[in-house]
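The same chain A turns up in both complexes below, where it pairs with chain B and then with chain C.
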Partner chain A sequence: MSEVLLKVQNLCKSFFNVRVLRDVGFELRRGAVLGLVGENGSGKSTTMNIIGGVLAKDEGLIELDGRSIAPTNSRDAQALGIAFIHQELSLFPNLSVEENLFLDHFPRLTSALPFIDRRKLRELARKALELVDLKVAPQTPVLRLPPGERQLVEIAKALSRQARLIIFDEPTTSLTAREAERLFEIIRRLRAQGISVIYISHILGDVMRLCDDIVVLRDGQVVASEPRVNFTIERLVTLMVGRTIDQLFPERAPVSGPRRAALTVRGVSQPGVVKDISFDLNLGEVLGVSGLMGSGRSELARILFGLDPYSDGEICVGDTRLVPLSPRSAMDRGMAFLTENRRGEGLMMEASIADNIVLPSLIEQSHGFAHFLRPAQLSGVARGVAARVQVNAKTIDRTAVRMLSGGNQQKVVIGKWLLRAPSIFILDEPTRGIDVGAKYEVYKIINEMVEGGAAILLISSEIEELIGMADRIMVMGRGEVRSFCERANFDRETLLSAALWD
Partner chain B sequence: MNRLNTHTLYALALRLAPLSLFAALFIAFGLLSDRFLSLANFRNILTQSAHVAVMAIGMTFVLLVRGVDLSVGSVMYLVAVVMGLYLTGLPLVLQIPIILMIGAIFGAVNAWFVTRLRIAAFIVTLATLFIGRGLALYFSETKMVFQSDAVQTLGRSSFMGVPWAIWIAAVVAAAAWVTLTQTPYGRQLYAVGADLESAAKAGIRVKPIVFSVFCICGACAAVGALISASEVGAAAATFGYQMEFPVIAAAVLGGTSLFGGRGGVFGSIFGAALVQTTENGLVMLNANPYLYPLVNSLIIFVAAFVDGRRRVLTERLEQRKIRTEA
Partner chain C sequence: MTEVGNVLTNSSGETLSRPAQALRWLFFSDYLVLALTFVYVGALWPFVPEIVSLSNLVDIFLQVLPLFIAALGVMIVLMVAQIDLSATSIMAMGCVVGASIMTSEGGYLAGSPIAAAAAIGAFIAIGLLIGLLNGVCTAVFEMPSFLVTLTTMMFFSGSAVWYTDSGSSIGSLPSAFLALGYGGIGGLPYAAIITVALAVAVHVGLTRTVFGRWLQAVGLNPSAAAISGVPVRRVVIGAFMFSGLLSSLAAIIYTARLEAGTPILGQRILLDMIGAAVIGGVSLFGGKGKVIGVLFGVLFLSVVDNGLQLLGLSLSSVYAIKGGVILFAAVTDAVRHNLMARG
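On to the complex of A and B.
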C-alpha cells in the first residue's frame, strides 16, 4: 500500500486535432481530498472523464495504487474502484432507493435463476444507507427524495461498490446550504476512512474549506498543484483566469435622480409557496434576493413573471396592476425572466445561437399584418446582441447552443432578453455553474442595463455575488421576507444568519 | 390546505379516474339493461376480456421502455391464419410453442428496425401493421379460416369451472408480474423507460432490453390470437382488426404511461376489463353500432388525458423545492 493512490502523468487529449489536455499530471494521496478548479473549458471534465472511463486518453499514464490503468467505460472504472458522481445525478426516480443502489448487480435468490432476493436487497441497501447517514426506508421511491438526499443515495451507491476514489463534479449546484454542509461532512468522513476524493467546483470557498490539495487547470494545463494552505481565493482566481482580476465585480456608475418604482409587490401570498411578500423594485437599482434553496425565492420569481398563480396580494408594474398576470402580459410590460434552469427552460439546445436570441422578439421583428420575417434582418439583430454579450462562437447562425460552454449559453439566454430591452429583469442564479471570466462579463452586462435605467431583481445563492452587485438585499426564508439590507450595512455573517434562521 | 396536500388529492383523483369511469359505466349499464347485472354476464365479460388483457400486458412491456407497438392486431390475424391453415394437424401442445415463436419473431422484426436502424417505434410498427395483415391476407386469400377441433374445444371447455381463456390470461399475468417486479431484467426495464441514456451509463445493456420487449409483445399478441380464435372458432379477414386501440387503451387506463417507466400488470388487466365492459354493455343495450367507435374513442381520450395530466403533475412534484422539513 503506497501513500499515493492515484498518479496522473503527461496526460494528453485532443479532439479533432485541438489539444484540450497538455501534459496534465498530479497526484492524489490515499484519504485526501483534491480540489480541481479551472474555468469552463480548462480541461477539468475531460481529465475526469478519462479517469472515470468515459473518454479514452491519447497519451500519458494513469496509475491507481501503482498499477497502470486505462478504463474504457464506466463499468471498468467501477470495477477498479473509481466512482464518478456527475452533476446531473443518474438515479431513476421511478425506482426505489434500494433498486437504484443495486440496479446492475441485484442480489439473487439463487445464482442460477434471475430472481431478486428482496430480503437481502433490503438488508444490503440499509447497510449502504447507513454509511452516508441517510435515514430513509430503502423501498422509498427516489421520486420522493429531495436533491440532497438523492446525492447521498448516489454516494451510498459508490460506497457499496467499494469505491476507493470518488469524483464529485459540481456536487452542490442543486443542494441547499444545509444539504451541502451535510455533504461536506460525509466527504470528511470518507477521507477519514481512507477514501480519496476529487472535488470539482466553481465555488472556490467550498474548495478552500474542504480540500487538502488543489490543482488549478488553465487551457488544458496544470498551472498550480499545491497544498491548500498555499492558496487564497484571490490567488486561485488569478491562476484560473491567467490575469489578475483586481475586482471580481465591475464598478457601476451610480444612477442619479429620484427613485421610481418599477415593480411594486404588496402582500403576495400563495399557500405553501410564499407568504405576504411586499417590496418595491426601483428603476436603476439591483435588488438582490438571498435565501436558501427552498426559501421561496425562485418560486417568487415565477409568480412575478406570471408563470405560477398567487392567491392574495397585488403586483403592479409602474402604476398598473397586472391582472391576470401571464408571461405574455409581463413581457408586454417590459419584464424579462432568466430562469435558473437554463437547459430545461431557457434554451433550445439544438437550435442556433441566432434562433435562440430572436425567439422572444419574433413579433417585434416581423413585418406587415401576417408578421412576415426577414432572415437577413433577424440574423443582423442576433449578431448585434451576440456581440454585445460577447458570445464566443464561430458563427452565430450555424452553431448550435448545445455546443457552447455553460458561460456562453448563459450569455445567449441573457442576450435573447436584452433584445427586448426589458425595464425589469428578473435573474435567477445567472452565474450558476459558469466560470469566473464569464461571471465577470455577466456582471458587466447587468451593470450596463442598470446604468441604462433598468431594474434588476438578482436572485443568487452566492452571498459574495449579492454583496458585490446589489444595492439592496432582500433575505427570504420559508417563503417569507426575513429582512432588507441596504448596501452600507452589507455583512456576510448577518446575511447568512438571516437566511439560515428558522 | 397546503400545496402538498392539494397535489396528493389531485394525484389521487387522477388515479381514481379510470376506476370511477368503470363504476359509472357499471351503474349506467346496470340501470339501462336488466341482463347486464348477472353472474353469467360477468363471467362472460371476464372471458371476453382475456385476450385484450394478455395483449395489454405485452403492450405494457413496450410502453414501459417508451415504445409502442401498433402491429399487435395484425400479428393476431397472422397467427390465427397460420394456425388455421397450416397447423391444424398438430396437437395443441405443439401449436402453442409454434405460434409463440411466430409472434416473437414478428416482434423481433419490429425490434430490429427500432434498435438497429433507430427508426421510431411508431413508424416501424405502423408499417408492420400493414405488412402483417397483408401477409396474412395473402395466405388466407381473404377467406374465412377455420380453426382445428383442438383449438375450438379449448374455447368451449373449462378447467375447474373456469374457462381456459381466463386460465391462460392468469398464467401470462403471473409470469409477467414476476418478470417485471422480481427479476433484475424487470427493474432494469423501468430504468430504461425512465431515462435511456442514464440507464446505459449505469451499466445496463439497453439494446437487448428494448429488443426483448417487442418480442414479448409479439408473443402476447399470439396468445391473444389463440384465445380469441378458440372462442370464435374461425378467423375472418377482419380478425384482430384495429385491436391496437383497445389494447393500448387498456394498458394506459390501467396506469401505464405512454411516456415510459411507469405501469404494471394488474392495471392492464383492469383496463382490459373496463374496455370489454363497455363493449359488452353496449351490446346488451342493443346500442346503435355507430355509437361504438364514439364510446371507445371517449375511453381512449380519458386514458390519454389522465396519463398526460399525471405526467405534468410528476414534473411539478419533481420541481417543487419548498419542503416542510426546511
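On to the complex of A and C.
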C-alpha cells in the first residue's frame, strides 16, 4: 500500500462553456487531514462533487489507492469508501438514529423476506455510535438531536460503511463552538485510525488548527498546495483573494461626543429562553455578542425586534418604552434586524433583488389612502441601495436573489435595511457562509453605519470577528449575560472560555 | 422576476434556433394559454363551425364574466400560498339569503325600494364574513386552509339548503336586481362593466399597492415577510376576505341570471375557478399570479367547455376532459417551477 490514498490530476470541468476547474491536482495521504480553502465560486464544491460522484468530470484523473476511479453517483462513491458530509445534512429528522444509519441496508430477519431484524439493527447502531462517542439511544428520533449530534450520526453512518475518505463541506456552520471542538476531536481520532479527511471551510482558524496539508483554490485553479506549517492566515487570505488585504478588518474612525444609549434593556426574561438580560447599546458603537448556539443570543435578538414575546423586564429605544412589541413598532423606532437564517428568513429567494430591497420600506414609499406605489420610484431607490452595498448583478429588477452568491445575497439583506437608515441594527451572524472578500465589504458597511452614528448589536460565532469589529463584547450563556469585556481587554482565550463555561 | 435570458439557452449552453427560441419563450410566457385557446378553436372549427359564430362568441363572453371574478378571488388566496375551496358555498349562502330578502313572495323587504340594494349588501356581507372566518382559522389558529375551507364549504353549502327548507329555489326577484344579469347600458352589459372594473382594480391592487406586494411577499416567504414588518396574519385574513368578496360579487351576477335564489348555485364551478387560476399561471406554490393570466385561463376553460358541448359530448365526458386539461396545467406549472428554479 502506498502512502497516498487519493490522487487528483489535471481535473477539468466546465458548465455552460465556462471553465470552473482548470487542471486541479493534489494528493491526499492516508490518515491525513487536507484543508481545502477558497472563496465562493473558486471550485471547492465542484471538485468535491466530482470526487463524491455528484458531478461527472470533463477531463483528468482521480486515483484512489492507485486505481483510477470515476464514480457516477454517490452510491458508487460510497461503495469505493468515499463519504461526503454535506453542509446541509441528509438525515431524515422524522426517523430514528438507527433507521437513518442503516436506511439503505437494513439487516433482515431472513434474506428472502423484507422484514427488518430490529435487534440486530439496534446492536449495529450502538456499535456505530460508539465509534463517534455519541451517547444517545439508537431509537431516538433525529429531530430531537441538536445539530452537532446530527453531524455525529452522519459521521457514524459514513464509518459504518467502511469509509476510507470522508469529505466535510463547511461542517461547523450550524455547530456551537463546543460541538465544533468535539467534531475536531473526532476528526483527529479518524486520522489516527488511518482514515483520510478533506475539510472544506471558510473559517481559516479551524483549518490551520486541524489540517496537515492545505490546498488553496482560486478561480478553479490550485494556487498553493503545501503542508500547513508553510501557511499563516494572512498568507491564506492573500492566496485566496489574489491580492493583499492589509487587514481582515477595515479601520473605523472613532466616534466622538458623549455616549448616548440607543437601546436600553432592563431585566428582560422569558422562561426557558433568556433570563434577566440587562445592557445598554450606545449610539456609535458596536456591541458584540458572543456565546454558543443555544446561549440565547439569537433568541434575544428576536425578542428585541418584537418577533418573540418576553414576560418580564423592559426594552426602551431612546427614552420610550417599546410597546406594543412587533417588528413594525421596532422598525418605526429605527431598528433593523438581519437574521442568521438568510435563505429561510432574510430573503424571498424567488423574487428580484429590487423587490427584496424595498419590502421593509413599502409603507414609507407609498402614496395616498390605499398606499399606492410607483414602480419607477421603487426601482430607483432599490438601485441606489444596490449600488451602495455593491451587489454584483446584471439587473436588479429581473435577477432573482436565488441566482446570487451567498455574499451578494447577504448584501441584499443588508441593503433592504440600509434603505430605512436604521439607528439600531441587530446583526445575527452577518458573515456566515460568505467569502473573505464579501466579509470585508460587510465590515466596511458596518463601519460606515457606526461612523454615521448608528448603534450595532453584532452577534457572531467567530471570536476573531468580534475582536476585530466590536467596541465591547457581551458574553452570553444559558440565556444569561455572563460578562462584559471592553476592547482594551479583548483576549481570544478568555472570551472562548467565558462562552464555553457552563 | 427571473432572468429570461437564462431560459433562452438550453442546458448544454448552446444557442437555440429561432423557432425553438420562440417556442421556449411562449412556454414561459403569459400568452401560452391564449395561444392554446386559438389552437383549440382552430382545431374544432372544421367539425363545429358554429364555434366562431357571433352568437356563440357572445355566449362565451357572457359565461366568462362571473367566472373571471370568482377566479380572481381564488388567485388572491393562492398568492399567499393558501387555498379557498369555500367559494361556491359563499355563493350559495349569499344567493339564498339575498333572494329571501328581496323576493316579492314573502321576502323580508318584499316590495321595498331598497330591497335589491339590501340584498346586494347581504351578498357582500356574507362573502366578507365567511372569508373572515376562513382567514382567522388559517392565520390565527394556524390550521391548514385546505381543511378550513373544505369544512366551511360543507357547512355553508348545507346551511344554504337548510335555510331554504329542503333546497327549494326562491323566485320572483325584483327587476332592478335581475338587470344585473343580462341588462346593460348602451349595449354594454352591466356584468361586463362590473367585471372589467373589478379586474382593473385587482390588477392595480396587486401591482401598485403595498397590500399587493405584501400578498406576494407572504406567499413567497412568510418568515422573511414577518421580519420585514409585514403584518402576515392580517394579510392572510385580508386575502380570504377579498376572495369571499369576489365570490359574492360573482354570485350576484349568477343569481340575477338565474332569476332565482337556490342553494345549488355555483355547485359545479369550483373546479372551473381553481382550474382557471392554475391554467392562468397562478402558482400553487404562492407568490405568483397575474390578472391577465387568470383571464386567459377562464377564457380557455370556457372555450374548451363550449366546444365540447357543441361537439355534443355528454356532461360527464366534458367533465373528464376538463379535469384532464386542468391536471395538465398543474403539471406544466410544476415543470415550469422546477425549470425556473434550476435557472
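Keep this in mind: the second predicted complex is superposed on the first by the 502 of 502 C-alpha atoms of A that agree within 3 Å, B and C clash if a C-alpha of one lies under 4 Å from a C-alpha of the other, contacts with A are read in each partner's own complex, and residues count from 1 in each chain.
By our rule, contacts are C-beta pairs under 8 Å (C-beta built on N, C-alpha and C of every residue); 3 or more make two chains touch, one makes a residue touch a chain.
All of these numbers come straight from a predicted model, not from anything done at the bench.
In the superposition on chain A, A:188 contacts neither chain B nor chain C.
In the superposition on chain A, contact of A:305 is made with chain C only, not with chain B. When the two complexes are overlaid on their common chain A, residue A:360 makes contact with chain C while staying clear of chain B. In the superposed pair of complexes, A:321 makes contact with neither chain B nor chain C. Legend: residue contacts after superposition of the two complexes on their common chain; A:487 is shown touching neither chain B nor chain C.
The wider contact with chain A, measured as residues touched, comes from C rather than the other of chain B and chain C. In the superposed model, A:92 makes contact with chain B only, not with chain C. Once the two complexes are laid over each other on the shared chain, residue contacts for A:351 go to chain C alone; chain B is not touched. Residues 1-4, 6, 9, 12-13, 205, 207-211, 213-214, 216-217, 220-221, 223-231, 287-288, 341, 343 of chain C are the ones touching chain A in the complex.
Across the complex, chain A meets chain B through its residues 74-75, 78, 90-95, 99, 103-104, 106, 108, 114-116, 118, 143, 146, 271-273, 293-296, 298-299, 478-479, 502.
Within the complex formed with chain C, the residues of chain A that make contact are 15-17, 305, 307, 326-328, 331, 337, 339, 341, 344-352, 355, 358-360, 362-363, 366, 370-375, 394-395, 398-400, 402-403, 416.
Residues of chain B that touch chain A in their complex: 1-4, 178, 182-185, 187-188, 190-191, 193-195, 198-199, 201-204, 261-262, 314, 317-318, 321-323, 325-326.
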